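Here come two complexes built around subunit A, the first alongside subunit B, the second alongside subunit C.
On to the complex of A and B.
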């Protein structure tokens, strides 16, 4: 792994009797794009707030660039955190926000910022109060990209952004990352849209870290097979079954395992239809299987799935 | 990119296909990993892994400071390897489906022999 930028050890955060983070440990490497995934209320934002010194941990250790982030100028100047639904002082105009951001981010690139203002068609002199929801999101994205911070967090940055603007975001992110590598943490529910961009997946559910794995290593590792029950049973034995649905003598099972081409052949030889799950499907399966509220199907075996 | 297989393998295969069909000539330059990443909208580290796979197996070679190039003889080598995979990838599922439908080998052979005429 590349040099470590962030280390989190046994991090726990409680708000009263609510446990937002429950003994989370992981590290982030330099110059990689991470996908921080999970359902609403899973603890993603709390985690990012603690890493950016906007919240205190209840217990556990956090090191960012090898130091404690709280009131630590040398750490915080290297971080950019773009929050969902960021608000700005209502008397500011777009160009004021960019100017303010340029003052606190030492690696700010004005040329890139202006390019992005054009790309997203933002009116530079408009008052932020009069921006649409999507334009406000675009403004946050511009700040996040143009700051070129060595550690950049995007927390659901695109409320109200249309599909075209989101694609512009992904393309500019990739282009600028390629030329100016840095560590980027992308928290999003639009998993299908970012699954080819992220190198590493962190999946949080109910305050616990469920996955800490290379995105490539997940590809093809969760398969859905369908066919006669006996054949599905036989295939499912070679992995951990995440979900099963039954229809008469036919079953459909989602199975996680260390699968390769030989397993695809095996499924076909058993007369099974085979489909690989997308990252989004995998996340849905894993976070449904562990929350206990999924509609239950008779005969379903739910196994705890960890790393 | 499709979901079922690692993207780096898909990138390697796309480059192989371009070599097989002559789009990428032997001794010709291969797109850079950054170009591949931008074109396919994938992580550059993943694109680099795909290219490196082909460097490791000798299909591509690196000219320091210039870029990646297709090795001499790469096309014939790839063709040989792909022929080996052909039976597994295409003949096996063909036979399995034929069996399911009750098409016996003689009938299947006849279908293949006369396929071009019936189109």
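On to the complex of A and C.
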């Protein structure tokens, strides 16, 4: 694995009775793109706020570039955290915000910033209060990309952005990442849109880490098989069934397991249609399959019957 | 320290609006007073207008905005709380020093021109007459600092503890001041309190006591901001 940039050990955060993060542990390597996935209220934003010293952990340890980020200039100056809820002083215009960001981020690239302003068609002289939701998101994205921080967090940065602008974001992100590699954490609900970008998946549900796995490995791990119920039953025994839909005498099941080519052959021999589940399907199945039970318990099944 | 200066520069990126509000409002207040005095033409009275207070009120509000608006922005960009606090004090202190200098010069000019030719006393403070030039300069500067740190401290209580914090602060203040008023009335201290204020020199009222109050506010603000979240 590449050098470690972030280490999180047994991190817990409570707000009164609410446990936002519950014993989370993982690490992030250098120059990779991570997808931080999970439902609303899963604890993604809290996690990123603690890693950037904007919030305080209840217990557990975090290290960013080997040190605790709180009041640590050498760590903070290497981080860029773009969040959907970011507010700006009401007297600032777009170009003021970019100027401010350029003062703060040592690796700021003005050329890239200006190019992105053009790409997103952002009016530089407009007051931030008068920007639409999409324009505000674009402003955040520009700050996040042009800062070229060695550790960059994007927390649902696309709110209000149209499909074209989102594609520009993904394209620019990948292009700039290729030329200037850095560690990027992308927290998003639009999983299908970013599934090609993400190299490593972190899935959080109800404050707990459900998945910490290479995106490529995950894709092979979860399969959707469809065919006669008996054959599906037969195949599903080799893994953990996450979801099943019945239609007459045929079933369609999402199964998680350590599948290899032999398993694929076996499925075909059983007369089953086989396909790798999309990242979005996997996330949906995993986060709904754990309702009311401990996460990642083998054999957790959620059945629904269609008539 | 470098990062603190970065915060100070951060707060100055839109400097025309920072300077414009304070001096724009003061200038309009001054011009209205000038017009009224020019119309009345009664040079004997020489009252103080109180219009000078406008720039102090604007600066007080600006300091509240530093916490409610600049703090989430600067922390969001990745500044430490220490740098933000130091930078804000530098930024605000520089304004206080500069503005007090301008106000001092205007008060000198006002005296030299016999109240702008119409007996207007806008920048001078006859009630708290301070003759010593250094003390007179500080009499303009220190109240800026006191109001600024009151603004910082109150806004930080809100930032850190929310509405409940503000209500608690309000209740505590009410009980303290109300209790003191009851005590003073009961013990018939009001005359003595009035005498005490009358005995204080202008320098003590505008420089000494405000400076003494500013220090604990600065310390309290620092302690609160250490654990405040944007």
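In this text, the second predicted complex is superposed on the first by the 288 of 307 C-alpha atoms of A that agree within 3 Å, B and C clash if a C-alpha of one lies under 4 Å from a C-alpha of the other, contacts with A are read in each partner's own complex, and residues count from 1 in each chain.
In this text, a contact is a pair of C-beta atoms (placed from the backbone, for glycine too) under 8 Å apart; a residue touches a chain by one contact, two chains touch by 3 or more.
Given the structure is predicted, the values throughout are model-derived calculations rather than measurements.
Aligning the two structures on subunit A places subunit B and subunit C next to each other without any clash. Taking the Cα centre of subunit A as vertex, the centres of subunit B and subunit C in the superposed model span 150°, given to the nearest 10.
When the two structures are aligned on the shared chain, A:23 is found in touch with neither subunit B nor subunit C. In the superposed model, A:90 lies in contact with subunit C only, and not with subunit B. Residue contacts after overlaying the shared chain place A:134 against neither subunit B nor subunit C.
Shared-chain residue A:269: touches subunit B; no touch with subunit C. In the overlay built on the shared chain, the residue A:100 is in contact with subunit C alone; subunit B does not reach it. In the superposition on chain A, contact is made by A:220 with subunit B only, not with subunit C. Legend: residue contacts after superposition of the two complexes on their common chain; A:60 is shown touching neither subunit B nor subunit C. When the two complexes are laid on top of each other via chain A, the two nearest Cα atoms from subunit B and subunit C are 27 angstrom apart.
Overlap of the subunit B and subunit C contact sets on subunit A: empty, with no shared residue. Within the complex formed with subunit A, the residues of subunit B that make contact are 1-8, 34, 37-38, 40-46, 49, 88, 92-93, 96, 100.
Those residues of subunit A that touch subunit C in the shared complex are 49, 52-56, 71-73, 76-77, 79-81, 83, 86-93, 96, 99-101, 103-105, 143, 149. Against subunit A, the residues of subunit C that register as touching in their complex are 3, 6, 9-10, 13-14, 17-18, 65, 69-70, 72-83, 227, 229-230. Partner subunit B is touched in their complex by these residues of subunit A: 32-33, 170-171, 174-175, 177-179, 196-199, 215-217, 219-220, 261, 265, 268-269, 271, 275-279.
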